[in-house]
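Have a look at this one before I ask anything.
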Amino acid sequence: MKIGFLGAGRMGSAIAARLIDARHEVALYNRTASKLEALVKRGARVANSPREAAEGADALVSMLADDDALTHAVVEGEHAAMLGLGRGCAHVSMSTISPDLAERLTGLHAARGQVYIAAPVLGRPEAAERGELVVLAAGPAAALARCAPIFEAAGRQTQTIGQEPRAANVVKLAVNFMLASTIETLGEVYALAERYGVPSARMSEILDGSMLRSPAVGAYGEKIAKEDFDPAGFRLALGLKDIGLALHAAEAQAVAMPIASVLRDRFLQAMDLGLEDKDWSAVARAGRSPRPRRPAP
Amino acid sequence: MKIGFLGAGRMGSAIAARLIDARHEVALYNRTASKLEALVKRGARVANSPREAAEGADALVSMLADDDALTHAVVEGEHAAMLGLGRGCAHVSMSTISPDLAERLTGLHAARGQVYIAAPVLGRPEAAERGELVVLAAGPAAALARCAPIFEAAGRQTQTIGQEPRAANVVKLAVNFMLASTIETLGEVYALAERYGVPSARMSEILDGSMLRSPAVGAYGEKIAKEDFDPAGFRLALGLKDIGLALHAAEAQAVAMPIASVLRDRFLQAMDLGLEDKDWSAVARAGRSPRPRRPAP
Amino acid sequence: MKIGFLGAGRMGSAIAARLIDARHEVALYNRTASKLEALVKRGARVANSPREAAEGADALVSMLADDDALTHAVVEGEHAAMLGLGRGCAHVSMSTISPDLAERLTGLHAARGQVYIAAPVLGRPEAAERGELVVLAAGPAAALARCAPIFEAAGRQTQTIGQEPRAANVVKLAVNFMLASTIETLGEVYALAERYGVPSARMSEILDGSMLRSPAVGAYGEKIAKEDFDPAGFRLALGLKDIGLALHAAEAQAVAMPIASVLRDRFLQAMDLGLEDKDWSAVARAGRSPRPRRPAP
Amino acid sequence: MKIGFLGAGRMGSAIAARLIDARHEVALYNRTASKLEALVKRGARVANSPREAAEGADALVSMLADDDALTHAVVEGEHAAMLGLGRGCAHVSMSTISPDLAERLTGLHAARGQVYIAAPVLGRPEAAERGELVVLAAGPAAALARCAPIFEAAGRQTQTIGQEPRAANVVKLAVNFMLASTIETLGEVYALAERYGVPSARMSEILDGSMLRSPAVGAYGEKIAKEDFDPAGFRLALGLKDIGLALHAAEAQAVAMPIASVLRDRFLQAMDLGLEDKDWSAVARAGRSPRPRRPAP
């Protein structure tokens, strides 16, 4: 397929490389052109604007930082990708954005005879490089079918969420919320256990032998036990952003999420302590004193 | 070994049966004698009081409902098991009780030349029947070694927590807290996803393909998605009790557990709705209206 | 003074009437012209657009529902008030809006040689009619001095918050947050006391004889005790909006407000129960069962 | 009246002094006899045990630290006050204790033909010295009437709560909970306002001109704004104890108090920071960084 591609951060670069390797023709746009070199060597063409990347493409793929970056590249101004994309073509939006923006883009694309597909992904950049992401795809069935080669190049599995694009964004936010809850819960478990003389590493082994064993508990349990928060696999500030998006989506449907509210407060305390660039699992230690346990009464 | 055994509820009966099958001599006491029939057929002897069960035993094992039941049987009055247990013998306490009571019993037994061992277990009654519990054992190393045959008969794995008995109770409470957190988090995830048109069963599949997959997420996710809360695998009222014990243990060490506080409030709301005898996963649905989602704005 | 005035809801009408009675020349714009009749009889002139209201005025006063309404009337399109307001003139913004919008408007007005003043108010419509509001004014000192006649007509007291307009909006949000906290706290106090046989009215008398007596406790205590939530003095949905604005403002400064998070969840539960148009004090009863107390154990 | 009196801490001493000055015959017992000197000079007689203090008295008054101290003095052992108190006489219990203990004492006294009256008080030691406490009295009407002279000497006002003693303890705990909520809410208000350039002292003035003005907001607002937490008017550790008692009483009736849960966590964070002996208003500053506000974005 001819693919226009927006965004060459770590996730974007990894996915674009997979698309190139799968013999798609990729026209890449990134705000900072210097990041494109490796991909150009791999076979990508450089576009000078989002609009140029979209022109002539069968599909436009975007992987950008947040709502603002996506709106800027796709909707705003004369260089907006939306203006270049042909009628009947699809915009496959892989970023973690708000359901509200997904809804808005669905309408804006439809008004131009284009199709909006939400396809946020589960997995870290390293997984993306190995093609091991899970793609959460939502949009009209026919368009999903046409874009299947994109999903197949990007991930090991495609989960179809339904016809309404924003639902895929909600699912992505729900997964991130549950990861954050697991992290904070581990933090509380370790804080309690340590005060009673049980080291975190020991507690981790016990969890690993219980119903609670999971890749998330394993990976984050180790990071927290070792206080290994650099470099960040996922920045704490981004975690706060996603919890905020989940709360906002829930508010629009009058859903209270009290655990998410606690997480938001804990992430803010961590931000206030200057931990925004640490791995988000650092929240498990934020605001907890290291003082030794008290003797039994 | 000669074993005195207190408590013939579902968990107690299953463990006692395992001990009998492993050819230990078991003298059983239960407040309601009628529950003992099957175990007597299996080979147990009936004791007429906790004290009588303990007399002549190499070790006393207890599996009772809560702090009060254990205190009553072991400490209070002339029929207390403590009075029958010989010097140098161990009391292996498998109930989920407070670290405070564990501490108190440690002292009371020591004063009589006896040894107190905490050995709470992970796993449901069905797992107990199959000998698949995990035993969390804590106490003096020599005594733990002497009681190894008991642990081996009861469970598939023994995790040694250390020399201080109450630490094992803290670990047990921490695991139950984390299970409760998983349940409530699933409830919030499903509530959010459903309002955006994603059925809980679909959401479960996605979690199952993510870093969050675990036996707990699988089992409770299914119960919650199907609203299958009868019969209770673990009663909601007991879940509240254990969260309370975890919070209490944390308070004694000045540890704040904000997730546990939210769980306590949610379990209370569920109690107020009359759900005390449902499976504790029912908390995920308590207080959430089933009203259909709102249209996109 | 010659005053352009935007907004003729209950608060806006009351303040506009006070300005007219104080012999200012008022040109009024409201989206629904029918609401202006009474004010025209009182002496106001009708403007056909926000821009027209601002033209020739010494100052523009706005009292609109929320961020969107204010942005629409002042900033957007060819009829925007901003285009009509003269250089050196002030926009006195009395609505409860976000500090972010206040900041944005400060810049936009400055770019046109105009001055933005934030002047949100404390008090209900009835207080506004009697001129008993408290005006929280922030902006450049000279401009505040020139607008003093407006504040004096509108309120019984002007509290100057400083030179930075958005600070006044933060103070207004903080006061509303504290009122909401008082309401929810009263709800918890009454729920507890009632279950132990102490009627809410009795509990109110006791609070009234304590350090906690305040006009807010008196007024909301009575509403809650009598479950008198219609008509709404302040709609529950607006309360949720303001708590959201407070949390958002706090988040921008990495301030955790755990009480505000709880309030947000409680207001969402109330929304989910369909109480959005009730008085916000209805949150104190939302989700609490009326079941009779349990006997002493 | 002839009055046996238990407890000569600051509150106890102040109340005992008022009783002596009102010409009652007071027999005092305190664990530490040295504290009794001033009261003996004033006219009190020293008793050598709780039991001796109660013997021959028309009524027994107790003002002790907590549940344990009261149980020890009144119920346990051969020197227990309960053994000395005559049939038909009343025990007026003024301490802040759990409703559970009140219930238990009601039964124990009734079994001996005695009457238990709960009479916890609102007000600080200084207020007690001036006879300005509010007495919250609950118990059988006839016994309340007979004890009226005691209430009149101790306080400026008696609020009768009903016939069930424990209800008065619940009311006392509810008032303390609401004070703690006011303190934490002020802390959040100040934290928010300060980050936007509004000093706490200024914020206090604004609250004082609003519906929220109250003696509590005035007094605690000043303490928090000035960070004046020494000496403690009421120790933070005692505040935590009372919030715990309120939560426990609520749990017994399946009442969720989410604000109280947040307060408990915040007090625990303060304890973890070593603030247990500060005034409880110190919780408003605990865990909040003093870092300067961020610039407008």
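Worth a mention:
A, B, C and D are the chain letters, set down in written order, and residue numbers restart from 1 in every chain.
Here is the rule we go by: contacts are C-beta pairs under 8 Å (C-beta built on N, C-alpha and C of every residue); 3 or more make two chains touch, one makes a residue touch a chain.
Quick caveat, the model's predicted, so the values are computed rather than measured.
Of the two chain pairs examined here, B-C and C-D, the one linked by more C-beta pairs in contact is C-D. In this assembly, the chain whose C-alpha centre lies farthest from subunit B is C. With centres taken as mean Cα positions, subunit D sits 38 Å from subunit C.
Inter-chain centre distance (subunit B to subunit C, centres taken as mean C-alpha positions): 52 Å.
In subunit A, 250, 254-255, 257-258, 261-262, 265-266, 269, 272, 288 are the positions where the chain touches two or more neighbouring chains simultaneously. In the complex of the two chains, the subunit B residues touching subunit C come out as 258, 269, 272-273, 287-289, 291.
By the touch criterion stated above, subunit C contacts subunit A in their complex at residues 240, 244, 250-251, 254-258, 261-262, 264-266, 268-269, 271-272. Across the interface of their complex, subunit C is touched by residues 99-100, 103, 122, 134, 136, 157, 159, 161-162, 164, 166-167, 170-171, 173-175, 177-179, 181-182, 184-186, 188-189, 191-193, 195-198, 202-203, 205-207, 209-217, 219, 246, 249-250, 252-255, 257-262, 265-266, 288, 293-294, 296-297 of subunit D.
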